[in-house]
Amino acid sequence: ESRIGLLTRILPSALIDQEFSAERWITVPEEVRDAYRRVGRPTPLLRAEGLERALGTGVRIYYKYEGVLPVGSHKLNTALAQAYYAKADGAVEVATETGAGQWGMAVSLAAALFGLKAVVFMTRSSYNSKRQRLTFMRTYGATVYPSPSEVTEAGRRHYRPDHPGSLGIAISEAVEYVLSGEKRRYLPGSVLEFVLMHQTVIGLEAVRQLPEEPDAAVACVGGGSNFAGFTYPMIGMKLRGEGFDKTRFVAVEAEAAPKLTKGEYKYDFPDAVGILPMIKMYTLGHDYVPPPVHAAGLRYHGAAPSLSLLRKLGIVEPLSYPQEEVMKAAVLFARTEGIVPAPESAHAIRAVLDLAKKLPRGSVIAFNLSGHGLLDSDAYEKFL
Amino acid sequence: ESRIGLLTRILPSALIDQEFSAERWITVPEEVRDAYRRVGRPTPLLRAEGLERALGTGVRIYYKYEGVLPVGSHKLNTALAQAYYAKADGAVEVATETGAGQWGMAVSLAAALFGLKAVVFMTRSSYNSKRQRLTFMRTYGATVYPSPSEVTEAGRRHYRPDHPGSLGIAISEAVEYVLSGEKRRYLPGSVLEFVLMHQTVIGLEAVRQLPEEPDAAVACVGGGSNFAGFTYPMIGMKLRGEGFDKTRFVAVEAEAAPKLTKGEYKYDFPDAVGILPMIKMYTLGHDYVPPPVHAAGLRYHGAAPSLSLLRKLGIVEPLSYPQEEVMKAAVLFARTEGIVPAPESAHAIRAVLDLAKKLPRGSVIAFNLSGHGLLDSDAYEKFL
Amino acid sequence: MLRRPGLGVYLLAGWPSEKTYREAVAGMDGLVDFFELGIPSPNPKYDGPFIRRAHREVSAPVWDKPSAPTYLMGYWEDARGRPADLFERAASLGARGVLLPDLLIDFPEELDTYLKLTREYGLAPVFFLPSKFPYALAKRLAASKPDFIYIGLYAATGIELPVYVERNVKILRELAPDVYIVAGFAVDSPAKAAKLVRAGADGIVVGTAFMRRLQKDVREALAFLAEVKKALLDL
Amino acid sequence: MLRRPGLGVYLLAGWPSEKTYREAVAGMDGLVDFFELGIPSPNPKYDGPFIRRAHREVSAPVWDKPSAPTYLMGYWEDARGRPADLFERAASLGARGVLLPDLLIDFPEELDTYLKLTREYGLAPVFFLPSKFPYALAKRLAASKPDFIYIGLYAATGIELPVYVERNVKILRELAPDVYIVAGFAVDSPAKAAKLVRAGADGIVVGTAFMRRLQKDVREALAFLAEVKKALLDL
């Protein structure tokens, strides 16, 4: 069976249609809109007055804050949509993999809100060290297995009590779990285009909320969904001549996983073990392992195909920063704005600091603060 | 020196005036309103549609959600006001004590936003076990000492590396720290009336946001500030004949510290060691220690004087619930509403479940969700 | 009716000694407009350190009533077992009423008992309110036509706090326009006394400031009262 | 101009064998309206498992051009070093154009090079778009007056996915009203071919479904094509 063919047996069918749809606009179903409203959408667009004062460069800074969502990050936006479509397919159970647990938490809550059972395969090293997100997944009612587990063939193949696990094995387990039972669907958290599209709710809201068009729109890049969610509605308007004509789009990645700045534009697997179909993207190779000291997220080896193309065409400018500088920016932000940013989101903040110094007075920057860092105290503890 | 006289040397002077003011309305200073706006006020008032569906009792349930504040709870409301008044007094430093760290985090952020230095004495047992809030206090720029510390006389008197500390010692240390230097102020997080008054921003917003007057208004009680903050504006209107005439006011406490249901109405110290002036309140005795298994917060031995009086006069009805039932309610709430509630706030939820079953169909309940539980995974882990 | 503006003094029965007490009472004749005669208490909870100590120092109270209008002052808590005894003593001494600072704070449910006993013994009601009080309660007290409402400016006697006390007196004035308002706690200078009257008080009470002087020298204490009186008359 | 509605067939040069290939080409004369002649590739990245395998099975390509209009089909990636060679071969074979499915996806910056080479060799431009494409690009392609735009309905040849392909064809139709639109990938029945034409396609291409049959029996493969052709003519 081909990797693409496999998708039809594991993904909610509407998501496959969305992946290949030529439609410019895809309507958010009423039930998903309702779920968005209940979890706190629209999220606020805030002015970073404290940060502006601290910088004193005369640049106005706005940020969209996704951390008000109950799981603390933007991941819930696509999890809710995916869970809805799984249910529409008649599924009663959804499965996925998770590393640090952000995606697992989002899927767990989305499943709970749509009355589905969630099964999460969590890499064993995270399962042992990230107890908080594990606990909250269970609080939401999910069944969480440390991966490699003993519940799947793929897991049993690697199983040893001290195996740290990998996202690749966890994906294999989740996919196998879905294939081995009735009414199950697999929910992917990463670079697929429909994931990016679901996240555009962020930017669509931001376009309405922004009191002025920015000179730069900034977001961090793991796989690209938060960047795309924030900027694509603006990039679309710019390319169609409907606005944002002076706006630059800046994608900020970790120096520990610099695919957009140093990767190669080629076909590669989105997952570490090659279960899913290859995609054309900027990539460091699907077997890339970021330096072990890196604790500030954005460890993914590739960038979503559409984002990669936009970068290739020069419509998106990539930047990368080392962890130390990013955490310094995070602390400055916490002290001036009050919100402890997720280390991932702090990459965007770091770039904003640079831009605020370089741009002329009176310029405007908008960025996406994709989540808070209240469940990432370990990254802060290491840095302080 | 009298205990009352001591207050004038440690507290911001405007707070003492507020404590003894006969004014019905005290204006929130422009700078504090501005800080409230920046940290996300007004906070949302939400309808608990998911919980309503799960209960199926035909009762409409609304909740005010304070967890969107960056520190995750209502404590920031008074911390910001207090920090502002300390600064107005010419202070450059504020000090306080903290146990689990909620109050310390609120003070740390408030100090950062007003450009003050924060010094926090954290009971050593929490200092060792509640690393997250400790880390975030530092992220906000606070200096945090484990108490008993070696930086004060009071600390050195008790100092041993394995001393677990107590809130009483930590208060003594914070007070001594303030008295032993220039331009320092002590910020109290507990039962003083001005603390309750600052929290009424919650209820004042709720009164405007509620689409209908509730049959019951519910909040949990530690010292009383979150209960008072939510209900006093409504109670005031009721007593003045301006509305809320059918509303019952339900104060929910932990069965582990049942002052309102089982305490005595008498003069007692608000602090465990008798540094602060005695106050008339429902109390279990200032040396009361809750059962050691209790992890769900609300451990304080007394209730604020005004709340105690309202309970004495029958205007407020007290209820208490055991930890197990409270955590069960917390999990139900997380799965139906998406927000993981702070274990403290979950006491209110538990009471809401009871009320929703007892009240006739079509009744309305409003409660205060004073914080989220993302920094309380230990309580959930113990329960699940 | 009490004189406006009026000077009141707090005395602790028989303190600092029988002799000094008697000399002081005699010396205040014609100078002081009304008296609060304190009953020594084992737990004078609203008093600051100075008067607290004084309570402990009284071995044998002296119940000499001054000639000016006098009100017995004690705690409901102490009288709780047999409150009628207190009212009977007041009546037999010729006092005009009984002031119980803890009545409305700690025993609000006993207000009706207080009013009943006051009526039974032919006394006038008088009330104590702290600086923060329910407006509805102030109005209800005013409606009972008391001889006065005493507003305690701070948390305890003799201890000044950074509180804008004139504002609180003004508020009570508006709520009880026809009632004689007495302001007390830490009134320690003629200027402060005058300030309170200007804010709306009809009378002020001097306690700790008077007693500190009395302990040293009767004449100094009386001279201080004369200064306060002059400041009030000059208004 | 290509016939409307038109039946197109994808051939892999010389597959499954020289003999069968020649038989098939001969048999399709008069039945098939246009051809895509695939160049065996070491990495046929948009092909499903069946055609991928076929690419590996071709040992010696056969460059017999059918009489109907024919377009060479290859990957820009393979031709990248010396793209002119590919255009020269097309011209020398008498093909009308060169279709490069990866051109606009993986090498969008090479569009101008493609157009230039096409002009130089006297060929007509033809383009491949995936099912999800930028509208502005579709309009730009239409403006270059190509022989056709081929829309790949799914992610790879021969693999049907739950995608509402008619919608995508309709959208391309609206963006390029005057262009001949070819729809392909997993067109495996007369009914599906008809559905696509009804949605706005001018022609359809059959690949995997034809090759599966061809591998077993030339006649069965030709019979299948006849059925599809009939469905189109019946529209």
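In order of appearance the chains are A, B, C and D, and numbering begins at 1 in each one.
One rule holds for everything that comes next: a residue touches a chain if its C-beta (ideal position, glycine included) is under 8 Å from a C-beta of that chain, and two chains touch if they have at least 3 such contacts.
Keep in mind that this is a model prediction, so the values were computed, not measured.
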Taking each chain's C-alpha mean as its centre, the one farthest from subunit B: D
Separation of mean Cα positions, subunit D and subunit B [Å, integer]: 70
Subunit C and subunit D: spacing of chain centres that average the CA atoms, whole Å: 105
Rounded Å distance, subunit A centre to subunit B centre (Cα mean): 34
Interface hub residues of subunit A, defined as touching at least two other chains: none
Per-residue overlap in subunit C, given as positions that touch at least 2 other chains: none
Full enumeration of touching chain pairs: A-B, A-D, B-C
Subunit C - residues contacting subunit B, complex: 45, 48-49, 105-106, 108-109, 130-136, 154-156, 159, 161-164, 167-168, 171-172
Subunit B residues touching subunit C - in the complex, by the definition given at the top: 2, 4-5, 7-8, 13-14, 16-17, 19-24, 193, 239-240, 267, 277-278, 280, 309, 312-313
Parts of subunit B lying in touch with subunit A, wherever the complex brings them together: 38-40, 44, 46, 49-50, 68, 70-72, 109, 112-113, 131-132, 135-136, 138-141, 330-331, 334-340, 372, 374-375, 377, 380-381, 384
